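You will see chain A twice below: alongside chain B first, and alongside chain C after that.
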Partner chain A sequence: MDKLLTNKYGVKGAVQRADAKLTLALRKTVSNPLLHYLIFGVIMCVIGYIAKQNTGVIPYSWESGLARTFAYSIASVGFCLLMGYSGLASLGTGGFIGIGTYAMYYIMGVLDLPFALAVVVAIAIAALVGIIVGFISLRIEGIYLVILTLGLSEILRQIYVAVEDNISISRFRVFIETITTRSVTIYYVMVALIIVMIVTTNLINSPTGRAMLAMKNSTSAAQAMGISLIKYRLLAFVLCTVYAALSGVMYMVTTRSVMASDANGTYALITSLNILAAVIIGGYKSVWGAVFGTFIMYGLQTTLLQQVNFLADNPIIITFFSGILVIVVVMFFPGGVAQLLVELKGLIKKLIKKIREGRYGKDLG
Partner chain B sequence: MEKTSVKTSPRVQKKLIQARQSINWIKAELESLPELYEGKKQAKLARFKNKLNKQLSSAAFKACDKGEYYDGVIDSKLMRYDVKKYMAHRALNHGTAKRIFGTVKLGQSYDEILSEQYAKYQQLNAARAEYKGKLTEKKAAFVEKHGAADATEYNALIAKKQAEYDEYEAKLTAAYGAAMSEKAEKLSQKLKGYESLTEQLSAKTAGGLKLEEDVLLSVRDLKMYFGGLKAVDGLSFDVKKGEIFGLIGPNGAGKTTVFNCITRFYDATGGDMYFENKYGEVVDMRSFKVHDVILQGISRTFQNVELIKEISVVDNLLVACTREYKTGIIGQALGLPSLKKEEKLLRAKAMKILKFMGIESYAAWYAMGLPYGILKKVEIARALMCDAKLIIMDEPAAGLNDSETADLTRTIRRIRDEFGVTILLVEHDMSLVMNVCDTVCAISFGRMLAIGTTDEIKKNKAVQEAYLGVDEDEEAQPQEEAEGNE
Partner chain C sequence: MTYLLNTLFATLVPMCVTAMVTMAITLIFKTSSTTNFAQGVISAFGAYFVSYFMGEKVGLSIWIAMPIGVIASTLVAVLIDVGIFRRGRYVNAVGKQIITMGLISIIVSVIPMIFGMTQPSINKFVSGNVQFKGALEGLVVTNNALTCVGITVAVLGVIFILLRFSKWGLTVRATASNEYVAGMMGINTHVVTAITWGLAGALGALAATMLASENASISVYFMTNYQVYAFLAGILGGFATFYGPVIAGVAIPLINGLVIWALNMLGLSEYSGWSMVIVYAIALIIIFFKPQGLFGKRIAKKV
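This part shows the complex of A and B:
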């Protein structure tokens, strides 16, 4: 009898244990970051859908604004992996985004081939460029990668200008849907962004992420632990360029046209700098931080702040604001918004503890 | 020693390493099989038990004493009051000047507040007693309503259920036993395949090198020049299997350079280093890249702790196993189940090693902010993660206090005894070196001064001169003086 029934009242304990188990399973599911990404994606898609209905609940322009922001976010996430985890920096994001847009333009606009091929070609070219540039520059430590990518980005932009300055595709098919100005393109962007976020999170929590961190902390310790520096640096850099190219593809899906010669345009240095700033503001070690930082750099302007007439007339103020934000973050919160949130959480916990102690005295137990 | 260089293609070497890693993984999996199946069985049994208990619940209620049952209910209902009472008591005990309930009024004295608090406490007590009384009144009605304990139904049922349970358990045991043996059979077949492959490949790679008996690492005529500076100049020594070998010398003698040459951080200018790797083959260390040294069975710790601050201690240990994962980068990006399986096995191993070092309670802590002594231990634990045959320690006692150094001495001995590894260490702390080392090699300006047991080194004149300078007082005690010198 004692084997079967362990508790006094039979059923009560068993039910409680089952409840506890269920709660644990539920908690595990709720705290799964992949689920958070999915929920985030669905919410953004719903916002985009409502905006495109043009009923006035959410302004019409929000859909394209958000879609563009999250297309840039893909590049930011890659940059976060590069800077936060392997300790490298690149200023070639703008140029690499161009790889995606031009692959899209030539495969779909000129050759009229399917969308999936455009994505594959963009990724393949970006990976190739990443490997070549990486092999040349990653053997040297420090600032050389930044200089090299900066130059490369400008070279790429000049190539784009020479090849075809103003690219645009008016109607094209993405899988089953024909994209026109009325289509809700944020769906595609969100799918790409969520895939990128999930892959990046998996990598960060895997041996690869740890190897990158080891390499960033101390190259000699990493080497002694069997970590090949060139392999992981190259991996981070290639992922960064691939993400940037994917971001370019998604950018093209939502905007349908880009001008290469625009000095403040998508391929220019300003994009690379903005994405750098976004990752710094958001927190260079957090995937959420990268996405949020990009929203501050790009999304705020196209959505919320656009509603304020004064700011809409003087967009330069927003640029000032983001510059000041970068300075403040670097000075006071080197971990960015992500760190701020963690610190806030700790502060609230401390406050609650203090209030309890004030009321009831220190814990005796 | 015969010097014959046989070039093997890197592809064969890579294949060999992969085959050996597969063997390791299969062995680990075989080891973990009983635990795995036992866990599965227990989980199923627990679920079944819950099910049976639910079926029994009404009979169990009838069988139990109703008064006793209701007492339990009362206890749980009074819990609310008990928590409040505890809080009030706590406040009273500490004599805090603030009231439990409400805010402090202006002009209220400390005594007043306390007495008010006490009144509140009494009130709470009274309320609790009142509520308890109410519930107790209800108890009689409850007992009357449900009648006295009647265990006949329960007794009849329980025997049946117990039999059901036993039957189920036996069935599960048989089923899982069969599944386990089948799996074990499959794995051991796989293992045999890999073992024969390894034999074939290692026959190809065997370089025909041989070391003297009992020698693990042989350094011959090692030279390392930085431009005109001869940091190491023609140094030769042998490290025997299972010994603790100390390398000492004054500052700038080239100790760390020797280490860096062995672990391939520096490409030696001249000389040879032969090492019997963890598969029993003698290899020329100079044919490896720095990040491949760990695969041969040499791991090292650093003078300044080189851990990753932003991940946990156990994750830090896993960094040493980066090369052992069979799941590729794409598999890792997709989060495949095979990666989770490997992680689980390695985590169990890491926990075992942390337990050995006596720091398993820090496993989930971030390396940031842990005391230096603990971090040093974590670093040694990390060096133990990759089944190394030779562990190279660069000043393990640097920055430790006396008791920590004594602890380290014991730890180093225990590591040598239980893991069967050989330890090569550079150290300035002479008490550690003289206590722990079997053989000591003293060098100065890249040249060998003396090699021998600790006693021989203590008495050696050349060593004394190197540490103290040429001195007229020949009776000087080298050990103590050397300590003062550091």
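This part shows the complex of A and C:
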């Protein structure tokens, strides 16, 4: 076939076709979401590196601020999977984050074992907890599940308070290198976040993701198509739990100490609500949206707004406006920022078409 | 025996507070079909008002200051319903929850703007203890706790009677059952939801005042724990009825007290920090066997 075409159109045609193939391959690579994730990760690592040099180009505090934000983003991406693709909502995120922090504390702080082991242990425990809780709680759905997971998160918090209230780790080693407070921790967070984003994107585009989407749109129709509800719900729930635990691990890498009894702290209801709000603001069906929403909820305050003197003195005003922003987004832009962008794109396309029509007359074809 | 009774009497105020907050949350859940996460901070807002009017600047008695706080919370709650929920009628259930979450941020930042970064406290309603003689000597029951019980029983009793027998109660129950159909039957559902929100705010302020009068200094998040108990009580009792959640709301602090007592009796007093964990575990087991709650009804699902 190839040879035949070459004969028919001559050498020139073959070159053209090869060209077209190359452009196609290039376009495919450029539009590949995985590449976007990688580029995003590299940019953030560079920003973190420059900030840590303390030359004044980028404020020093940005590194830890961004690292913490993206640590929370890991939990948000998991939540995006749970809510946007299987239609369940949970408020257990705060408690599940604690699994990661305590795994870090015991493996690295107490037993002084390597970091990789802490990650593995955190994931294993989170998966176990997710399966047990999932079996109990996925029998009920909707708003009840939210309340049940809220109660569960509170149990976990009480357990943390009872076991060891104030945990901290001073230094730890990743394989060989020892991380101290002066190290750039955003590298570790970004690696974890990008792996999570890639896994999630692949999952969403796989048959599993489609089954989840079908389940979300209509449980009865999905059941009729032979989709096992409990299987996919459990999978989504377990993944969400595992991501939250991983997020806790990364949170511990950046902040080093957490206090469990703090009523407004990391394991409290407010974290679960903030993550939920982040996913809603960003757009609950988009991985990018989850990351962006977390930035709005956590990162904006620690990076950009802190530079404004007035706001740095009155942090309460930021809380006030973040509340208003959340309400406005939910009431008027239910799809979040991600949908807003899509609508904006359509609007611009329409505008261009209109300008063209004005210039060349209406397209009759 | 004395110890057991004392443990139970110590849980009187938490029982009252949880029962009231549970009632507030159930009212809003049934008429607006959302879990109101802002209940805790709306209640705290009222308690701040009470403490301000009782403080050195104004110096009113608690019986005059408390209604002022109750009115403040009621107004805030009604404002929330009229200003936000009435407009966001077609926002889905999770969206409504997020709105109440946004309200937390707003109220939490408004309170320091009005009252400053203080942690005020409230005097007791009545000071002193009840005197016991003879076999019951050694029992500690504060007059304050008994006053709280009195207020709670009176308020909740009136609400239950109104819900059951008055025309207003009928409109609330109809709206709770199906807002759309209730509207078609000529019920002004806007007014009904606004009143239930106001009532929930009032109950919250009362509960917060009672809690603060017993022991706690007031802070922005000091009602959050009770709010979480109330959610758990709602799901444990089943949101299908009004009385189910309230009974569960009374039961949760009671069981907590019993667990603390049992741990002490077994010589495990150093594990008393785990008491709430045990209570939650018991609740989860009950929910596992009865997903609709203790007093819930099985709901047939339409396809």
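Criterion: the second predicted complex is superposed on the first by the 350 of 365 C-alpha atoms of A that agree within 3 Å, B and C clash if a C-alpha of one lies under 4 Å from a C-alpha of the other, contacts with A are read in each partner's own complex, and residues count from 1 in each chain.
In this text, a contact is a pair of C-beta atoms (placed from the backbone, for glycine too) under 8 Å apart; a residue touches a chain by one contact, two chains touch by 3 or more.
For clarity, every value in this text was computed on a predicted model and none was experimentally measured.
> Examine A:Leu235 and indicate which partner it touches, taking first as chain B and second as chain C; both and neither are also allowed.
Touch status of A:Leu235: first partner only.
> Looking at the overlay, what does A:Ser220 touch: chain B (first), chain C (second), both, or neither?
Both partners, chain B and chain C.
> Quick check on the superposed pair: does A:Val161 touch chain B, chain C, both, or neither? Answer first, second, both or neither.
After superposing on A, A:Val161 lies in contact with chain C but is clear of chain B.
> By the touch definition at the top of the document, which applies to A:Leu344: first (chain B), second (chain C), both, or neither?
neither
> Have a look at where A:Leu150 lands relative to chain B and chain C in the superposition and call it first, second, both or neither.
In the superposition, A:Leu150 touches chain C alone.
> Should A:Ile355 be classified as contacting the first partner (chain B), the second (chain C), both, or neither?
In the superposition, A:Ile355 contacts neither chain B nor chain C.
> For A:Phe320, using the defined touch cut-off, is the partner it touches chain B, chain C, both, or neither? Pick first, second, both or neither.
second
> Considering only touches as defined above, state whether A:Ala25 meets chain B (first), chain C (second), both or neither.
It touches nothing on chain B or chain C.
> For chain A, which residues belong to both interfaces, chain B and chain C?
Touching chain B and chain C on chain A: residues 220.
> For a test of understanding, state which residues of chain C touch chain A in their complex under the given definition.
Counting only chain C, the residues touching chain A are 33-35, 37, 84, 87-88, 91-95, 97-99, 101-106, 108-110, 112-113, 221, 224-225, 228, 231-232, 234-235, 271, 273-274, 276-277, 280-281, 283-284, 287-288, 291, 303.
> If we count contacts the way the header does, which residues on chain A are in touch with chain B in the complex?
That would be residues 1, 3-5, 8-11, 14-15, 17-18, 199, 202-203, 206-208, 210-211, 213-214, 217-218, 220-229, 235, 285, 358-364 of chain A.
> For a test of understanding, state which residues of chain A touch chain C in their complex under the given definition.
Spelled out, the residues of chain A in touch with chain C are 83, 89, 136, 139-140, 142-144, 146-148, 150-152, 154-155, 158-159, 161-162, 220, 263-264, 268-270, 273, 276-277, 280, 316-317, 319-320, 322-327, 330-331, 334.
> State the interface residues of chain B toward chain A in the complex, per the touch definition above.
Contacts found on chain B: 49-50, 52-54, 56-57, 59-61, 64, 69, 72, 87-88, 90-91, 93-94, 96, 98, 100, 158, 161-162, 165, 263, 265, 289-295, 299-300, 302, 306-311, 315, 318-323, 325, 329, 332-335, 339, 382, 386.
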